[in-house]
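Read from first to last, the chains carry the letters A, B, C, D and E; within each, the first residue is number 1.
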Amino acid sequence: AKKIKLGFIPLTDCAPLVVAKELGLFAKYGVDVELSKEASWANIRDKILNGELDGAHCLFSMPFSVYTGIGGKAGSEMKIAMVLNNNGQAITLSKDFCGLLGYKEIAKVGAAIKKLQAKKEVTFAMTFPGGTHDIWLRNWLAAAGINQKSVGIITIPPPQMVANMKVDNMEGFSVGEPWNGVAAAQGIGFTHIASQDIWKDHPEKALVVNSAFANSDKADLKKVMKAILEACKWLDVMANRKKAAAWLTKPYYVNAPLAVIEARLMGSSDLGCDLGVKRYKDDFMTFYKGGIVNTPKKSNGMWFLAQFVRFGMLKAEPNYAAVADKLILDDLFAEVAKEMAVPVQPDMKPFKTTYDVMFDPANISAYLKTTKK
Amino acid sequence: MKKIFNIQSLYSILFFTGSIIILGLIWQLVSIITEKEIPGPLQTWVVCKEMFTTPFYDNGPNDKGIGNQLMSSLWRVFIGFGIGSLIAIPLGVIMGSSKFMMRLFDPIVQILRPVSPLAWFPLGLLAFKAAAGATIFIITITSLWPTLINTSFGVSSIPQDHKNVGKAFGFSKLKYLTKILIPYSLPHIITGLRLSIGIAWMVIVAGEMLSGGSGIGFFVWDSWNGLSLEKILVAILIIGTVGLLLDKLFNVVQHAFAWENK
Amino acid sequence: MKSLSLEEIQTLNDSEIETSKAIEKILGPSAIKIDNVTVSFKSKNGIYTAIKDISLDIKKGEIVSFIGHSGCGKSTLMNTISGMNTPSHGEVIANGNVVKGPGPDRGIVFQNYSLLPWLTVFQNIYEAVDSSFKNISKKEKIEMVEKNLKMVNLWEHHHKLPGHLSGGMKQRVAIARAFAINPKILLLDEPFGALDALTKSSMHIELLKLWNLDHREKTIVMVTHDIEEAIFLSDRVVVLNNGPASTIKEIVEVNLERPRNKKDIVHDPKYMEIHDKLLNLLIDKFSIADY
Amino acid sequence: MKKIFNIQSLYSILFFTGSIIILGLIWQLVSIITEKEIPGPLQTWVVCKEMFTTPFYDNGPNDKGIGNQLMSSLWRVFIGFGIGSLIAIPLGVIMGSSKFMMRLFDPIVQILRPVSPLAWFPLGLLAFKAAAGATIFIITITSLWPTLINTSFGVSSIPQDHKNVGKAFGFSKLKYLTKILIPYSLPHIITGLRLSIGIAWMVIVAGEMLSGGSGIGFFVWDSWNGLSLEKILVAILIIGTVGLLLDKLFNVVQHAFAWENK
Amino acid sequence: MKSLSLEEIQTLNDSEIETSKAIEKILGPSAIKIDNVTVSFKSKNGIYTAIKDISLDIKKGEIVSFIGHSGCGKSTLMNTISGMNTPSHGEVIANGNVVKGPGPDRGIVFQNYSLLPWLTVFQNIYEAVDSSFKNISKKEKIEMVEKNLKMVNLWEHHHKLPGHLSGGMKQRVAIARAFAINPKILLLDEPFGALDALTKSSMHIELLKLWNLDHREKTIVMVTHDIEEAIFLSDRVVVLNNGPASTIKEIVEVNLERPRNKKDIVHDPKYMEIHDKLLNLLIDKFSIADY
């Protein structure tokens, strides 16, 4: 069979791909998969679109951002086959903020930023325009009552975050683990808030595929999905996570210190800046949870689209349902889930994130009217 | 009195126009071949016009006019280039004056010269603990070589004739430096500076792309993340044009100091 | 500008000078005493001896030419006199002192003028004057430059860069520069080599004019490839052997009366005799074979 | 017969050693000044030795020996450089032969030349729909200028004397091309190629840093991500050395074809 | 290698040739007929007329020199004969045909040899032969090259690049190349300008030797700055006025017997007369003023 090439970015949540590979699950399902480390999300976007990669470990909201022209050429289709994980991202603030505010102290954010702004321009980094990290950052800013335009927001590839903060290139960043952990461990900054604190059990990375691959090699894609699903299941056995961490730490995967990867993967965050250790109980990085994690939900996609409108990234409202329909391969997932005896989760229900108002996919304009911008 | 408008300048304008038209046509062709994946000149022009109507607006840290970006890039280029020149010229004079120094330092120059600016960047970041410092550092370290090499070449190639004049008429060290060494090497130094500024300008994009924040390089990176090809194309044209202007500027300086053709 | 005719110059002060000169040339002190000089160069293929055991006395006010084939060591000998290089053996005594290096008592006119192209005519001479005379005021220095430039009829061009001058004018600047430091000895290495035949003739007259204006007291040593030039200008022509380790082949006295007239002189039987003699000295290289 | 070992080569070795020692000392100094943020030569040497014990291992796409990385980079450089040269030389001949063409194309060359490789990258990706293609594209488009400019300069500076020979003895077009134009311009073309390969090598790092995958540039990027400064330093030395070797190679070619000094 | 003495060459076949030549030179057909030629150049400052209304007949087998000050249009006139540039008015008829461009009936020896430095001596000549003779075999071409190189005594050096030859040798290659295409007319533009006096003398003899070997049937037109050279070689010396729009000032007949001996000729009163005449024609530029 032809070689299938999947891209990934050095992040803890690329674990399902790594595990599927290391456990030989791809081979087990009869596909020849090669994992390819990529330099940035933009790079992954371009390679999926031009077919160099068949699929990749990718931000859940990236296909929406690209399709709507925020992070790419409008109309380019990248398909979401399944979700890889929930949770496990965070906003790290530089040591400039150390002492000004602590873990989850959102109320103090405004004053702290004001204070810093007296000295210099305050800049935050995320990983891709319209990507999940961008949206976590903006949600957090909105929750703290910060004008989005009063701070700098720049794009930096995840593995570059620590180095850039070290040289004062920005005062905060929103990125996936282990980079928040690494920053804390190196004393460069501290974990201010985790993404699960902003939206518990949010969809994070997804298996995003090239549309040609989705259409013409459906059989292969399903095999890939099955292997990954099995890997996710394996990963949610906490006893296995140490082993996973040992793989991830390798230079050719994430190339970050084992201790940091392992601790955060196990739900224990040393916040840094003498803020102590925060232990998450059930809302650390999850990969399976009986299939709850993996179902790609259109309503989630619509939420991200709504965020784009909310934060002025889209001037006009898109046809939410149509876009979600186009980009989310929920039917395909349903087939795979069925064959794997994994329960498929119901979709299109209203839900609420921590600092925001209720979101009803059936009445988005109501949400947009009431939400803080 | 020179005629301001003569047949020569008419020709120049005609050729320049022709040149631009050809460039436009090739571009359009590429655009058609790639099935509009790459925007054509007209589409780009629309974006370009928009960008240039208010080049210097400043709506907070994320939204600055292209003029601002350009200014901040140019500023960095000049600083890095300036520091590089201040290192390169005296070092070049030393290397050019003494065969011993030349042989001793030449291998270092030869090894460090081909290293890409991007490879220096991480080092710069760590050494300076500041992205601005790192960007300036990589501009400095990649752009100083042509000036260094040209200066040392210029100094080492001072004709025996000129040196003999100094000897025969008993010039003091200072007089030798100011009346023979520097005047002779100046055209070489300026040629070096011209090459250096070209490299500095080329490197700024790389530096800003990696360090983020501001400048034309960041603008390219940002446009790539957003895949606004029109903006990237505009940026390419701007980079090209500014590069051209910098080069022309140094060309003028070069001619002003070229005693050879006077 | 005033343009003196050849005759005017050559007869200038002639009566007064000639008598004292004649005596001095025979009995007078030597301006340059080359004493058993050998010059060797270190090169990749070992040591190369350019000239060997050369001894020669040159009297004050004398004009002496060196002639010989290319590479025979003429420039080497000149440079040894000027102090630009040091003899391996022997020594050169110039104006009573052993030559240790270049000095303002010996003015040099280089083969290719060697003006600094980025300095104006004025500056070129000024810098030389400035380096040679430490104890006089700036004003005096400027006056000296002016005087010397006027002497070679180039004062109007003093603000020009050398690049804007013709070959002949450049040559005159180089001569003015050498004269400006008022040296007792003038050393000229193929001073007219690069000029075309017509300009060259003109420059010969210029040089003699300056020598006359200075009461024929300066000693002039020059290198040339040109037999006629050597005869027209010199009191003695020194023919060198071919290198390596070249020595003096013969010294030919040019006993022609001064002033010499360029057009008439070629008809003088003495001229022809000297011409033939020199041609014969150089002619053993004169065949259709390869060289 | 030449002596293989003589005083000259002994000197060369001594100077080279001295040079390396100086470089090491400066490096050590920087390391001390930055409080070991930047590793010193000894630390780096340990990593270097490790890397070079098995330079050609290949454990899947993300885990390859430094030798493999180098090979894949060199391969890309040669392809890009080759394509660039194939475009640049004929175009240069055309521009050099005709003043009309020269004036028409010169502005295009001048505008596109200073554009940074990184700005071209997104365009290349779209046009070629492959990162490998884009990398080669940026190498091609940034490295072709020196060859183009040098070739056109060489051709346009053929002395009237040589052209006159062709005219006077009635050379055919072909004979003119093969016996006058090409031999005369060859040293210029090779100088251009030499500059071009230098740029190509400089650009590969940028290209691979952006496109990811493999090669010495990606190695730098990856080492940077992992903040393994020793590896970056080793990479800098490797890049420098390979750049130096490429340059020396072309230097040899250049001397082989320089009829001027023969 | 065999080295003919000067006398041997000059007397070679003399008896047979001389009679027919003498007649031809007086009555014979003109090899070159310059008919009222004007050459103007377009330049930035308008149109510059280099030479104006020049007419001249050159007979077959004649050696004619052009002499004049720099920039007077000598090269321009030569180039018009060779066809390298086109007259604005008038025409040049060479060997009975109007000159439209360069052709193999006129061999050119350029001022600076103009050998292609990347080709060997052999190849330099071969390419010229190859271009001029289309219908002969490669072997014949090689033989022609060989013959001509042997003629100038350079066959042993045929594999060398021009850079490895001395100035005189290069000059001989250039002459061999011009002879190799067997032209009826040889055009030489300051062929010996860059050589030193001694080498130059040798080359004069070489040229005459070749001319003799070819039965004195080739017409030679040359440009020179050197009066003695002009007299030694030519049958007629054409003195040009200064430009712009320069014309012929005077044509001086050199009625000296051939063979001429370099050493003896200077003592010939006729030689001196011609020398003085030419000097006077050129001498109005001869002053100490600026030029």
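Observations, loosely collected:
Here, a contact is a pair of C-beta atoms (placed from the backbone, for glycine too) under 8 Å apart; a residue touches a chain by one contact, two chains touch by 3 or more.
Per UniProt, the chains are B, D = Nitrate ABC transporter, permease protein; C, E = ABC transporter ATP-binding protein.
All values reported here derive from a predicted model rather than from experimental measurement.
Counting C-beta pairs in contact, the chain pair with the largest number is B-D.
The mean-CA centres of chain A and chain C are about 89 angstrom from one another, to the nearest whole unit.
Between the Cα centres of chain C and chain D there is a gap of 53 Å.
Chain geometry summary: the mean Cα position of chain C and that of chain E are 35 Å apart.
Contacts with at least two other chains are made by no residue of chain C. Those residues of chain D in touch with two or more other chains are numbered 122, 126, 209, 224, 227. Across the assembly, chain A contributes residues 46, 160, 163 that each touch 2 or more other chains. Looking at which chains touch one another, you get A-B, A-D, B-C, B-D, C-E, D-E. Residues 82, 84, 101-104, 108, 110, 112, 114-119, 127-128, 130-132, 161, 163-164, 177, 181 of chain C are the ones that touch chain B when the two sit in their complex. Across the complex, chain B meets chain C through its residues 161-162, 164-165, 167-172, 175, 179-180, 183-184, 186, 259-262. Note for the complex: chain A touches chain D at residues 10, 34-40, 43, 46-47, 50-52, 159-160, 162-163, 250-253, 255-256.
Residue ranges on chain B touching chain D, taken from their complex, read 11, 15-16, 18-20, 22-23, 30, 34, 37-38, 103-108, 110-123, 126-127, 198, 201-206, 209, 217, 220, 223-224, 227, 229, 232-233, 235-237, 239-244, 246-247. On chain D, the positions that touch chain A within their shared complex are 59-63, 122, 125-126, 128-131, 209-213, 218, 221-222, 224-227.
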